[in-house]
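When the chains are written out, they are named A, B, C, D, E and F in that same order, and each has its own residue count from 1.
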Amino acid sequence: MSRIDGRTPEQLRPISIERGWSKHAEGSVLVSFGDTKVLCTASVTEGVPRWRKGSGEGWVTAEYAMLPRSTNTRGDRESVKGKIGGRTHEISRLIGRSLRAVVDYKALGENTVVLDCDVLQADGGTRTAAITGAYVALADAVAWAQRKKLVRAGRQPLTGTVAAVSVGIVSGVPLLDLCYEEDVRADTDMNVVCTGDGRFVEVQGTAEAAPFDRTELNALLDLAVSGCDRLATLQRDALEATE
Amino acid sequence: MSRIDGRTPEQLRPISIERGWSKHAEGSVLVSFGDTKVLCTASVTEGVPRWRKGSGEGWVTAEYAMLPRSTNTRGDRESVKGKIGGRTHEISRLIGRSLRAVVDYKALGENTVVLDCDVLQADGGTRTAAITGAYVALADAVAWAQRKKLVRAGRQPLTGTVAAVSVGIVSGVPLLDLCYEEDVRADTDMNVVCTGDGRFVEVQGTAEAAPFDRTELNALLDLAVSGCDRLATLQRDALEATE
Amino acid sequence: MSRIDGRTPEQLRPISIERGWSKHAEGSVLVSFGDTKVLCTASVTEGVPRWRKGSGEGWVTAEYAMLPRSTNTRGDRESVKGKIGGRTHEISRLIGRSLRAVVDYKALGENTVVLDCDVLQADGGTRTAAITGAYVALADAVAWAQRKKLVRAGRQPLTGTVAAVSVGIVSGVPLLDLCYEEDVRADTDMNVVCTGDGRFVEVQGTAEAAPFDRTELNALLDLAVSGCDRLATLQRDALEATE
Amino acid sequence: MSRIDGRTPEQLRPISIERGWSKHAEGSVLVSFGDTKVLCTASVTEGVPRWRKGSGEGWVTAEYAMLPRSTNTRGDRESVKGKIGGRTHEISRLIGRSLRAVVDYKALGENTVVLDCDVLQADGGTRTAAITGAYVALADAVAWAQRKKLVRAGRQPLTGTVAAVSVGIVSGVPLLDLCYEEDVRADTDMNVVCTGDGRFVEVQGTAEAAPFDRTELNALLDLAVSGCDRLATLQRDALEATE
Amino acid sequence: MSRIDGRTPEQLRPISIERGWSKHAEGSVLVSFGDTKVLCTASVTEGVPRWRKGSGEGWVTAEYAMLPRSTNTRGDRESVKGKIGGRTHEISRLIGRSLRAVVDYKALGENTVVLDCDVLQADGGTRTAAITGAYVALADAVAWAQRKKLVRAGRQPLTGTVAAVSVGIVSGVPLLDLCYEEDVRADTDMNVVCTGDGRFVEVQGTAEAAPFDRTELNALLDLAVSGCDRLATLQRDALEATE
Amino acid sequence: MSRIDGRTPEQLRPISIERGWSKHAEGSVLVSFGDTKVLCTASVTEGVPRWRKGSGEGWVTAEYAMLPRSTNTRGDRESVKGKIGGRTHEISRLIGRSLRAVVDYKALGENTVVLDCDVLQADGGTRTAAITGAYVALADAVAWAQRKKLVRAGRQPLTGTVAAVSVGIVSGVPLLDLCYEEDVRADTDMNVVCTGDGRFVEVQGTAEAAPFDRTELNALLDLAVSGCDRLATLQRDALEATE
């Protein structure tokens, strides 16, 4: 029994990681997980927020947003509403935490990197695509900072790589990398963030309909780990290519 | 090797669940997990939000907030700042989802229950205390709605019970129900929400310092399940006592 | 003709002043005027707002708020609405002015005390309960600052005590310390703040229905002065008790 | 010993009440208390706010604001700051309550009158000038509504007149109608709103420096009553003049 | 074929420029273009915004607003709505740019002038009246700064004069200085800002109904230039009169 | 003397108009003017805003925004700041007015089209690129509405085409279609919006440094008209291509 788009349960959507998308940003990636497209830019500035000044340590943060018509029905702009919604806040925080898990603040020195992840087109899994793409943009930005001598010679601010994928149970079957239609129908939905060496940075599982048991949880974790492993390879390939 | 407050790794703090704390609310509970104290009130109103009208189904939602001096250092009021922070949004959403996991909207009918969880004193684990207390307030509010015939005779809007606890790895040791000092020092921090029959509603694990592996994850899940089981018993005891 | 709760016209509701309610705040009081319960915390910080720096003088300010279900019908949170209502502003300002009337800024030195008055349960007279309780929390906070040597030895930042009570005319009869049901039915409503030696700090009288004449005004002031005198005694008793 | 501007203690500043200032509003008055100038417009609309619909009763409300350079030092616009300050809220509410004290909602019928009081130039006593001027604008607006048959024939929506004045104790002397320089130096400051027949609508006394005793309070009330009486005469004269 | 108010197509409304309207501001003008009345105040402060500090150059900025009942129908206050509308933003920016076109920042030195343009009564052309009046207020404020030695002796911060007028095509006829009724019926509406020597600072033409061709554009520009020339004369006359 | 990027003064940058960029929107265009890239989506909904209901007429509006790192230096998000800046408001309004100039509301019927113009990369001329691209997105959306029978058979809601271009005087030379570096150095900057038949919809000229005279204005208008004419051809070509 195949999935809505013909994939097997353990198959990712077609992934593309396009570096150097923007001429201004120190790192920029247009990442696609199928029809989900997220523009991730990494902006480097010297200095850190006030509460961190003089610590000798850097800072990495992230902001996530969706263009109003990235979705099937147009959503109101948060700038027009005058406030940021809970979902946006939650995802921005998740992306920031995920990337910070592989940053050595001391090695980064008192520099700040802001990752902007703007969803140009949404089809499920926007937060996991954002994390996966933002890592590559961050790597490019860090390399830029090294070339510009903002980072001291011989220091490596990145302690590893990080990628993310969604998994879920749809009609009783655990599936990897849900598209929007699958996401809507999922009983359980989980986002997993892993380092390139297969350890967990974040595990966020939610029972959308019925609560899930330990067996289901284990099956989802297995799928997610294999998906993140594949994404780590794609990230490495992208970074090794000449930009 | 005992914990900062003398507990064993798998021991909860002293838990108290005080029902009927407020004379106005349809359900109200002052819940304590050690020095963490959260006032949970459940407010029932007839009718549902506009987008749900005519569906025959009810709605349950939650709002979490901290009093400015519930913490060691005074925090600015979100009402004064004019906006709600990401953490507040995130926790409010988590509490709402957790309770909705045991609600049968059809049986509830077109009624709305709002759970307000206000932290009077914080010492770690405020969100898990809030969920655990809010369930009891919700149960009282539902009983009130049944007595007032807002819920049709013979319908049971609650499909089970729900409780939550935090777990974490501190200095390499998995611990149950972290107090603030432990929470600050934890490498990994996880909040787990379970139903009374031991299934998962939410699993949110975050690597605060080093990423965690599958073995650690499993140890944390074991601890959390046993903690939630104990909390479920305490909830039942509280609800069986004469208010 | 007795009152709704059996009191005589010149009788206060049962008053309780519970010190040391919070483990974090430098001063904290749970004050009750009958069913009205307000948690008052006093937070001390070294330093003063920018406009007062270098003056050698301290600052005292207050913020008042109601929990959403402290009232009979749930009110929306001001943090969610994104702005503070006029009534909240008005009461916060009243509390701050009332306490500042007994503060010697020079003696306080460049320290700031913030009084947070959060209404946990409302049954009329929340602002007067808040002032009465906040004074006691302030006294504890000042004593703390003296012990911590933030205030110079031999200086007494408090020049007196302050308490407040509501009075009103209901069905032609002047009454002391209105509960909610009386407040709603009052033709005239007055809040009076007095120092412990019987002088006035604030007099705020409002004709809710018919305007009032000088005779009525005098009767209300007499009641209020006697009520504040009784509250001053209760404050003194509370502060003399071992916490 | 004369005052800063040569007045006796019981003397008002030169008062002017200029009706018909604006071509658009149903009632409009430029009121001056010395150098304090407030433009008061009354806007009539058919219908009432949602919560009052179907009651057969009208509504009267007020908004107060200061132009940024109405004061000696320019103040930031509240529209630019994105929120209304506590003082503005407080005064808007006071003006609204004061005018409502002489309105018969039933006679007004389901019409709304909004009083806008914008301070063009401030020199103390802006809120009392606003109330005094707004009453006249309201009277003109009500007459307009009667001519337009929005108010039923034979009904009189105004049950009396209302005026306001400030009083205060400066260097131990009770003074009527404080100008800014006096206001700044006052130990006690009181705003009193009276009906044309000499009864009280609002009494708001504040100890700016030292608390005040009953004798001082009485002296201030005497001054205020005589000041309001004089203002009531000036309001009557203005309304009797051909516009 | 004469206009609604009897003017010829190339005739301005009666213009009045009343200096020294406010006792507080360094420059203040009540400007009228027919029934359109705008109060323009110029506030001088030593120092410049942070981004300009140390440059040796001054700054000039403007804020425009309408009183709620300056218009035929009452508009909600932007302070109450909590945000500034697009039209207000647009006009404030236009006024600021227009005045800055005749300011020599170096000669002004590190001083800031804020122009507040508050519409007391609106009847079309409020932005052009505001610019024309604000220039005169600015000239008075600059003269004040010269007298106070904030501007160095021998420096002239103003490089010329600036005035503005609206033009439009109504029923096929190009008209100067539209009143509200004409503005509403105009096919094309243009605001033109000129220096006293007849050059352009701003040209903003908008096709309200049908697009306009080059011939119409030229006719409108001719009218506008002649109108601005006449306004420049009136500004000079006002500034030469003893205040 | 050639331009910074080798163009002649009357030459446009390379223009690309890529239709069908988004799978969700009824019309979507990625438009590039050199390195300036704007994503324009057109969203059609049945129905109109409240104030237009029952009129039988449609509505077209636009919102413009820049991604935070579309510019050389990262700008703060307006959603995070909680308010929309003046420049954003101004451009959104300009785009809306420009498109409405070629819309027949009656023919559109009670449908609403929202144009979202999000700048992905900025290099000068973002507002003119947005208008030019948005027109094509609008045309596609209108065709969609015709196919879906939202627009009645035989009605044509578009009365013409519209395009926009910037012109300016740099070092005394009038130039077409300024890139960012030219824009920064321009003495005069003008944005011109024309219909496909060469008439003007908007003319907005601003003296950035020295005021400009009639001769310069005429030279700029000539350049702009020829540029818009060329853009009209490119729009037509794009729309005639199979999507």
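Assume a residue touches a chain if its C-beta (ideal position, glycine included) is under 8 Å from a C-beta of that chain, and two chains touch if they have at least 3 such contacts.
Protein identities per chain, from UniProt: A, B, C, D, E, F = Ribonuclease PH.
Quick caveat: nothing in here was measured; it's all calculated off a predicted structure.
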Over the chains that touch one another, what is the least number of steps taking chain B to chain F?
2
Residue numbers at the chain A-chain F interface: does the shared fraction exceed half, giving same, or fall under half, giving different?
same
Most remote chain relative to chain E, going by C-alpha centroids?
B
What pair in D-E, A-F or E-F shares over half of its contact pairs, by residue number, with C-D?
E-F
Mapping chain E onto chain F via their CA atoms needs a rotation, nearest 5 degrees, of 180
Any idea how many Å lie between the Cα centroids of chain C and chain F?
59
Taking each chain's centre as the mean position of its Cα atoms, how many Å separate chain B from chain C?
33
Between chain D and chain F, what is the separation of their C-alpha centroids in Å?
51
Show the residues in chain B shared as contacts by 2 or more other chains, in ascending order.
82-84
Note which residues of chain C are touching chain B in the complex, please.
22-25, 28, 35, 39, 41, 43, 45, 63, 65, 67-72, 74, 77-84, 88, 114, 116, 118, 120-123
Where on chain A does chain B make contact in their complex?
83-87, 89-90, 92-93, 97, 101, 160, 190, 194-195, 198-207, 211-214, 217, 221
